[in-house]
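Next up: the structures, one after another.
Look for subunit A in each of the two complexes below; its partner is subunit B in the first and subunit C in the second.
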Partner chain A sequence: MSEKRKNVQEIIFYGLLAATILIAIMVALANQIAPHDPLAVDYSMILQKPSAAYPFGTDNMGRCVLSRVIYGLRSSVAMALLITLISFTMGTFLGMVSGYYGRVVDTLIMRITDTLLAFPGLVICIAIVGIMGAGWKNVVIALAISGWVEYARVSRGMVLSLREKEFIKAARSSGCGRVRIMIVHILPNIFQQLLVIATFNIGHLILTFAGLAILGLGEQPPAPELGLMLSESKQFLQLAPWLMVYPGLVMFLVVMLFSLLGDCLRDRMNQKTSQ
Partner chain B sequence: MQKNKNKTEVILKIEDLTVEYFSKKGKKRAVNRFSLTIKEGECVGLVGESGCGKSTLANAIMGFVPFSSGKICLKGNQLPLKKQTQVREHYTNVQMIFQNINESMNLRQSVFDYIAEPLRNLKKCRGNDLDRQVGKLLEITGLPQAYGGRYPAQISGGEKQRVVIAKALAVQPKLIICDEPTSALDVSVQALVIELLRKMQKDQQMAYLFISHDLPLVSYLCSRIVVMYDGEVVEIIPNVDLMTELKHPYSQDLLEATFSKQSDERIVKKQIQYHELQSNGCQYYPYCELAIGICNESRPQLKKIGEGHEIACHRYGGKHE
Partner chain C sequence: MKRLILKRLLQLGIILLSVSVAVFLLVNLAPGDPAYIKLSAQGETPTNERVEEERIAMGLDQPLHIQYFSWLGQVIQGDFGSSYRTDQPVINTLLKSFPYTLVLALAAFIVMLLISVPLGVLTAVKKNSLADYFIRVLSFFSASLPEFWLALILLYLFALQLKWLPVMGKGELKSMIIPAFSLGVVLSGKYIRQIRTALLEELDADYALGARTRGLTEKTVMYAHIMRNASISILTMLAMSFGALLGGTAVIENMFMWPGMGRMIVEAITWRDIPVIQGFALFMAGVYCLINLMVDLSYGLLDPRIKIRKESGQ
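Moving on, here comes the complex of A and B:
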């Protein structure tokens, strides 16, 4: 690859990284940044167009759309990170154990993943949330239960190819036990690939979370939530398009940001290994 | 190099070892009734073509593959290893240098950590002592001290192989198994690595089991040579000086193969067919130009035909000579 193109790629990567950090700071400091209380109702300011005081306008109850978008993004991103963390840890652990120990353990874990894969993800969510009741905690549980499967599958596959490599034999002959081989020799070699999947998944989870809210299974009104905002703004689409445009646009940008970041991470990784 | 007379202690004793692989097509015997004894400080060369079970044998000695029958005994330690203490003891006695240099190091582990690992785990070496020992190993193998902080991607193939050798030497094992340690290196680097191995053997009185398909290389480094074909020993010579005395038709083919291109091609052709054969006779019968009637009927046993010279061929050492 030419030097110039490589530099451009570097710039794009750091740009995306900066944007991600910016969003992280923004949602972390939501209290300071948001111009209004996202729940404050003001009937004198119903369906106002975007203005200096309300940069994204107001909704049918006079609430500030910008503030609601910021708070909504905070809950979406936090939720996506939490679910990713849980399913990443659980999936990687189970996948590594499955691949390295093999035999009965492997069969057991893989049949569980097969069972989970036999259902569409959303169906599991609806079932679990339907049984346990709506609310963000139950959504986290539901999405984590269906989310770990992918990490387990991928890490198992990588472990299967790694465990036959000579450096694992070398580690065994250095007196390493199974736990040490998994933590020191296998995990660092599969971590990056899993991180790429995690990055893609964060964007995907934000969408799923919004989708569940639209179905009435996630956050409940009046909580500021991007999916909920989209669903509530349907009836005002012609009268006040900003109600739908801004939350939709923000969600689109954030999801795309994570996808691009995942792409960049993968490219960088390929470059490193092919050097 | 050849001071291994009779009195020295036996390190490795393999008796009637059979290793089988199971696949969809059925059983494949990779190693069949293999026996070998290695004494302290002795350098044994194991030659044979690819797929004849050399690497499987090495892996079995290291305890990486289970075997179906026979005995492997290393310094009184009988395989398979059961207890953790036994495993540790085993690996302080035997280490292995691997064939594929690019796979024998963890890409995310520094050279220092790689060499230090056996010292940490097997010798419980820590802190300054560890630094000193690793430093010494780098020095012995001719690597700069600064290499300790490097990663496998930052060093060349020859250097990697030296790092692997340093690791194998770390616990000062009694036996080192070299599984074609030079096959992935180019010729100039090969010479360096071989010289290093030879020096180590002289200085530290270690025993080697040197696996290769390269007869001249083996003869340079080893005293005793074992020729293996399809999982079995076909000939043993006690001394490299007797290399021209190699009598088994397969050994002769192997000897020729290193000199002429023509017979090399012949061996390649044989290789292609050889898994499909099942017979009671000599495994080499279908390719043997000197075959006689009995070769297809009964399998030849190892017979002594000279001082330490053993051969498994119906044409030698018996009534059919």
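Moving on, here comes the complex of A and C:
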């Protein structure tokens, strides 16, 4: 690859990273940045067009759309990170155990992943949340239950191929225990690839979280949630299209950001391994 | 081939059995007593005695494994129990709404095919051209689009502004256009890229190189050789997406009041109708696995190379 092209890629990568950090700061400081209280109802300001005081306009209860979008993004991102953290840890642990110990443990864990993969799309999440009851805690549980499978499958596969490598054999023959080999020698080697998966998944989780809210299974009104805002906006589509435009646009941009970031991370990793 | 089919069917059986255990255990996650939930769903204010009677009537006093096997025995015969709320057999509810989801998924699938196949081929044929970059950027955009947002935008443009399409339908064809289109466009973003990759992977294959050294033009190599070889795996990949699509229409269905599975299940959840939720999960998993099995087997039938590889156990 030419030097110039490589430089462009570096710039893009750091640009994306900067954008991600900016969003992280924005949602962390939501209280300071949001111009209004996302829940404050003001019946004198119903369905106002975007203006200086309300940059994204107001909704049918006079609430500030911009503030609601900021808080909504905060809960989406926080939820996506929380679910990713849980499924990443759980999946990687189970996958490594499955790959390294083999036999019964492996069969058992892999049969569980087969079972979970037998449900298409949102079906398993809908069923779990549907039975346990709506609310963000149950959504987190449902998405973590379906989310760890991918990490487990990938880490298992990588452990299987690493297990026979020279350096692992060397570590074993120099007396390292199983736990030590897994944590010190195997984990650092598979971490990067799992991180790429995690980055891709964050965008997907944000969409799923919004989708479940639209189904009435996630966050409940009046919580500021991007999916809920979209589903509430439908009633006022003719009168106040801005209610639909901004939450969707923000969700779209953030999802795209994470998927671009995932792409860049993957390319960088491939370059490193091919060098 | 027969042995392969038998082996696959056996695998399917094992997976469906574990799916049934999972779905059965789901009920134990439910906060509250199913007997109590059932009575309240039927509009009673249950007393302790009534709940106790109902528990025995529902067999909830039996040990868990006996409950499971008697439930499984019914499920195998196509009896998914009856709805807590309406007392109707669950299977009827499922079969009533499934065709709507099937039609919507099929329409979305066709939209996806019509967009992603020509564009995917174009990007591979005109690799690194302006058109390639443009389509790839567009596909990246569409893959990140929330389909429910796209649906609202289309609704605003085509139903409210241009008034070409109905805002809300009752399951007729015209009201399906926006939902199907939104699902199809979002999905095609992903598949344009995958079709491109699948074709480009073949570019450096030995047979392509051989064809080139025999003096064939790049165009002939692409259309007559590469495309033919890649077509089966591309078709399989696309067909697999259909099963996933069946489970992915729920949000759109609810936004557009489309009377499919997704709409039905949300209603069942509101009433905490556990047998319907169970039946839904089991049914969807069964259909999904069956579709994937059929695609997988036809893949082997269409491509003799795969058939041999699979039978020799690789």
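Here is the rule we go by: the second predicted complex is superposed on the first by the 274 of 275 C-alpha atoms of A that agree within 3 Å, B and C clash if a C-alpha of one lies under 4 Å from a C-alpha of the other, contacts with A are read in each partner's own complex, and residues count from 1 in each chain.
We take it that a contact is a pair of C-beta atoms (placed from the backbone, for glycine too) under 8 Å apart; a residue touches a chain by one contact, two chains touch by 3 or more.
Everything numeric in this text was worked out from a predicted model, so none of it was measured.
On the superposed subunit A, the two partners subunit B and subunit C both fit, without a clash.
Applying the stated contact rule after C-alpha superposition, one finds that A:Ala28 touches neither subunit B nor subunit C. Once the two complexes are laid over each other on the shared chain, residue contacts for A:Leu239 go to neither subunit B nor subunit C.
Seen from the CA centre of subunit A, the centres of subunit B and subunit C span an angle of about 90°, rounded to a multiple of 10. Shared-chain residue A:Ile183: touches no atom of subunit B or subunit C.
In the superposed model, A:Ser174 lies in contact with subunit B only, and not with subunit C. Contacts of A:Val41 after superposition on the shared chain: neither subunit B nor subunit C is touched. Once chain A of one complex is fitted onto chain A of the other, the partner contacts of A:Leu108 are absent, as it touches neither subunit B nor subunit C.
When subunit A is checked against subunit B and against subunit C, the one touching more of its residues turns out to be C.
By the document's definition of touching, neither partner reaches A:Ala18: not subunit B, not subunit C.
In the superposition on chain A, contact of A:Lys165 is made with subunit B only, not with subunit C. With the two structures overlaid on their shared chain A, subunit B and subunit C come no closer than 9 Å at the level of C-alpha atoms. When the two complexes are superposed on chain A, none of the residues of subunit A touches both subunit B and subunit C.
The residues of subunit A lying in touch with subunit C in their complex are 111-112, 114-116, 118-124, 126-134, 203, 207, 210-211, 214-217, 227, 230-231, 233-234, 237-238, 241, 244, 247-248, 251-252, 255-256, 259-260. Interface residues of subunit A facing subunit B in the complex, by the touch rule stated above, are 165-167, 169-177, 180, 184-185, 188-189, 272, 275. Across the interface of their complex, subunit A is touched by residues 14-16, 18-19, 21-23, 26-27, 29-31, 140-141, 143-146, 148-149, 152-153, 155-156, 160, 243-248, 250-251, 254-255, 262, 265-266, 268-270, 274, 277-278, 280-281, 284-285, 288-289 of subunit C. Per the touch definition, subunit B reaches subunit A in the complex via residues 59, 62, 64, 84, 87-88, 91, 94-96, 98-100, 103-109, 117-118, 121-122, 153, 164, 167.
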